[in-house]
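Shared between the two complexes below is subunit A, which has subunit B as its partner in the first and subunit C in the second.
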Partner chain A sequence: MPDHDHAHDHDHAVSEGNALRAEALESLLVEKGVVTTAAIDAVIRRYEQDLGPMNGAKVVARAWVDPAYRERLLRDAWSAIAELGLARGGAPLVVVENAPGIQNVVVCTLCSCYPAALLGISPSWYKDPAYRSRVVREPRKVLAEFGLELGEDVEIRVWDSSAELRYMVLPERSPGSEAMTEDELASLVTRDSLIGVARAKAPGSDAPGARRG
Partner chain B sequence: MAEPRIPPVLDLEGPAAPPQRNGELVFDAVWEGRLFGLTMALHEAGRFEWEEFRARLIAEIAHWERQHDSTERWSFYERWEAALEGLLADKGLCPREELDGREGVLAARAPGHDH
Partner chain C sequence: MNGIHDMGGMHGFGPVRVEENELLFDAAWEGHVRGMFALILGAGLTNIDAFRHAIERMDPTSYLTVGYYGRWLVALETLLVEAGVLRPGELDDRLRASSAKRGGGSPVVLESVRKPAPDRGPFDVFRPVEARPRFAVGQRVAARNLHPPGHTRLPRYVRGKQGVITRVHPACVFPDTHAHGRGEQPQYVYSVRFVAQDLWGVDGEPAASVNLDLFESYLESA
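So, the complex of A and B:
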């Protein structure tokens, strides 16, 4: 790779130039009172911590411990989600429930519709044309590639999201999680389990169902 | 005090979609994250409509692509910065001359200030 180091140094210098420009912009705007440093810090914290699959995980953990809540969630998803103090998303949402012998999986065959308010920003494979077409045609094979091996007796239901209707999967509660608190349960719920390409994590396991993305 | 605004819906695909990895936003350098936070904070404070910024960002990216070929170094947040800078200048919130001046002052700091 000729000039690799040179190119790297150059990129580094350009990035430092950009950093300076961005720093100048922030410092001027703060000085002018257009924005505060605290407001910027708060926004960054929110995007780092609060978005992402955490909201969806909270909803699932509540549904696992509270059967009446689960009923409400399956009947009218956004109203049940709002009960937890979470913001409603734009498009209507349906929560589809896994059960022994039933695995739900979500796709958007047309583009990449995705309930971002609950699941954060979608993984790159969700937008991949191969996932979008293949999961409809050969879902069992695609799920196996994600590490989710399902027997022939398991029915796979594929839900196609659109701008008018989005889906989130309610995964089955992990075996061995009976003694866990709601917060602990939420930590078992991965983004992939909410899309339906993985199970919720097992207690004490650090390996999420799938790590692709 | 106005109600805080609902955060904008970020594009998940298309030219204005920020770089992502494993479902999360990716910042390759600290300044990119600061710039993202600054932009969101300005929007939430009602300084501009999200669509105004988004249209600028798409235009900046398209402009860059017309001027450069794919072998040249590409930075999504450099385009983001250009879009924000232009929008704030047009709104009179941060004139470019002042920004140039401040950048010069910061550049003149003793080397190694941030190491």
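So, the complex of A and C:
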């Protein structure tokens, strides 16, 4: 049997075991009055419905069309985000800006800190050992594997979220997007561009990317 | 602690594997673990630093094999036992009971261990302090060569290395004490930029840097 089948069987068995254990833990905590199933469901619904890359995309699109907003976002991210009617998160947030010749990319090598209060659940690869171990040591190579080939004239700034501050990248506005509305611009901003492993999409590329990344 | 979680710079984990059209939660239980975590943290039964350290205390083999939310599940059980919410072995007992379809055990409401909800959010970490920051933007500093056995947010790959302060953040709750029930002891946090080749020598990539947020006591003048 090829290795990946072994790995898949292993993952499946682990997940089954975890599922039973999680269910047992929840039943105990409900009985003890520590949690309610309704409160757990509300947390899940929040991640499913309210949080996600579309929030970051909205913020970026505004920053692209409004230079004063961009300044406020870079100075005090949550206050600027709240201006758009989005909820403030608990952990402090810093927005770092790409520019010609500068690419920012975010990681948390020690655990998997992510601006979840804005962008929701992080992708699996962000939490995996491969990304956490490698992107601080060989960022240019990792970004190239994501399809983001950068010349040596582009400086790469990796942000390892080692304290409680969270980071989001403000990608460069896509070339050729000058005539687009703010809503149309938001559709160019993908989850991966907010982490810094991709550029914002070019106008005219298909599938809405903000949700899928 | 110099644990498996401190992965920055390690070799051997292979390429980054991107899953196309990934689900928000791979399985329903993951969302439930996330929910339980949020509620337990929100109720003040633990704090985020103690939670991270409970993950770090896992044996390294399990850390790598139980998956991301599997680690959360282990950490929650550890902390709930330590908080007195669960008896040691109670979760295993419940699992055996449910697999034999014997139904649940008798409810045990442990009101005595429940703490009132804290007046701040679990990630609200800025604390005003009277002291002035010891370092300033533009100053060259070194990360100290520390190897504490407990929780720390000073990754191994920067210890002993020099960088430049790029931003001074407000004082924050100090994870190294807060994780161990030794109080918040807030300290200034500094964004420090390390040039890649100062971290990785000749194996560092050109035109690259790594920025970390480091607590004042992790740093010394260089």
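Note that in this section the second predicted complex is superposed on the first by the 154 of 213 C-alpha atoms of A that agree within 3 Å, B and C clash if a C-alpha of one lies under 4 Å from a C-alpha of the other, contacts with A are read in each partner's own complex, and residues count from 1 in each chain.
In this text, a contact is a pair of C-beta atoms (placed from the backbone, for glycine too) under 8 Å apart; a residue touches a chain by one contact, two chains touch by 3 or more.
Since the structure is predicted, the reported quantities are computational estimates derived from the model, not experimental observations.
K.L.:
Determine, under the contact definition given at the top, whether A:39 touches first (subunit B), second (subunit C), both, or neither.
P.N.:
Both: A:39 reaches subunit B and subunit C.
K.L.:
Please indicate which partner A:127 is in contact with in the superposed arrangement: first for subunit B, second for subunit C, both, or neither.
P.N.:
Both partners, subunit B and subunit C.
K.L.:
Touching A:21, do we find subunit B (first), subunit C (second), both, or neither?
P.N.:
both
K.L.:
So, does A:91 touch the first partner subunit B, the second partner subunit C, both, or neither?
P.N.:
second
K.L.:
Should A:157 be classified as contacting the first partner (subunit B), the second (subunit C), both, or neither?
P.N.:
It touches subunit C, and subunit B stays clear.
K.L.:
Quick check for you: in the superposed arrangement, does A:29 touch first (subunit B), second (subunit C), both or neither?
P.N.:
Once the two structures are laid over each other on A, A:29 reaches both partners.
K.L.:
Both subunit B and subunit C touch subunit A; at which residues?
P.N.:
In the superposed arrangement, which is not itself an observed complex, subunit A uses residues 10-11, 14-15, 18-29, 32, 34-35, 39-44, 47, 90, 111-112, 120-121, 123-124, 127 for both subunit B and subunit C.
K.L.:
Contact residues on subunit B for subunit A in the complex?
P.N.:
6-7, 9-10, 12-13, 20-25, 28-38, 40-42, 44-45, 47, 73, 75, 77-78, 81, 84-85, 88, 93-94, 98-99, 102-103, 105-107
K.L.:
Sort out for me which residues of subunit C touch subunit A in the complex.
P.N.:
Touching subunit A: residues 5-19, 21-22, 24-29, 31-36, 38-40, 43, 45, 48, 52, 55, 64-70, 73, 76-77, 80, 85-86, 90-91, 94-95, 98-99, 104, 107-111, 114, 121-126, 153-155, 157, 169, 172-173, 175, 189, 193, 196, 199-200, 203-215 of subunit C.
K.L.:
Any idea which subunit A residues touch subunit B in the complex?
P.N.:
By the definition above, subunit A touches subunit B via 10-11, 14-15, 18-29, 32, 34-36, 39-44, 46-47, 52-53, 87, 90, 111-112, 114, 116, 119-124, 127, 191, 211, 213.
K.L.:
Help me check something: in the complex, which residues belonging to subunit A touch subunit C?
P.N.:
Its residues touching subunit C are 10-11, 14-15, 18-29, 31-35, 39-44, 47-48, 89-92, 109-112, 117, 120-121, 123-125, 127-134, 136-142, 145-146, 152-165, 212.
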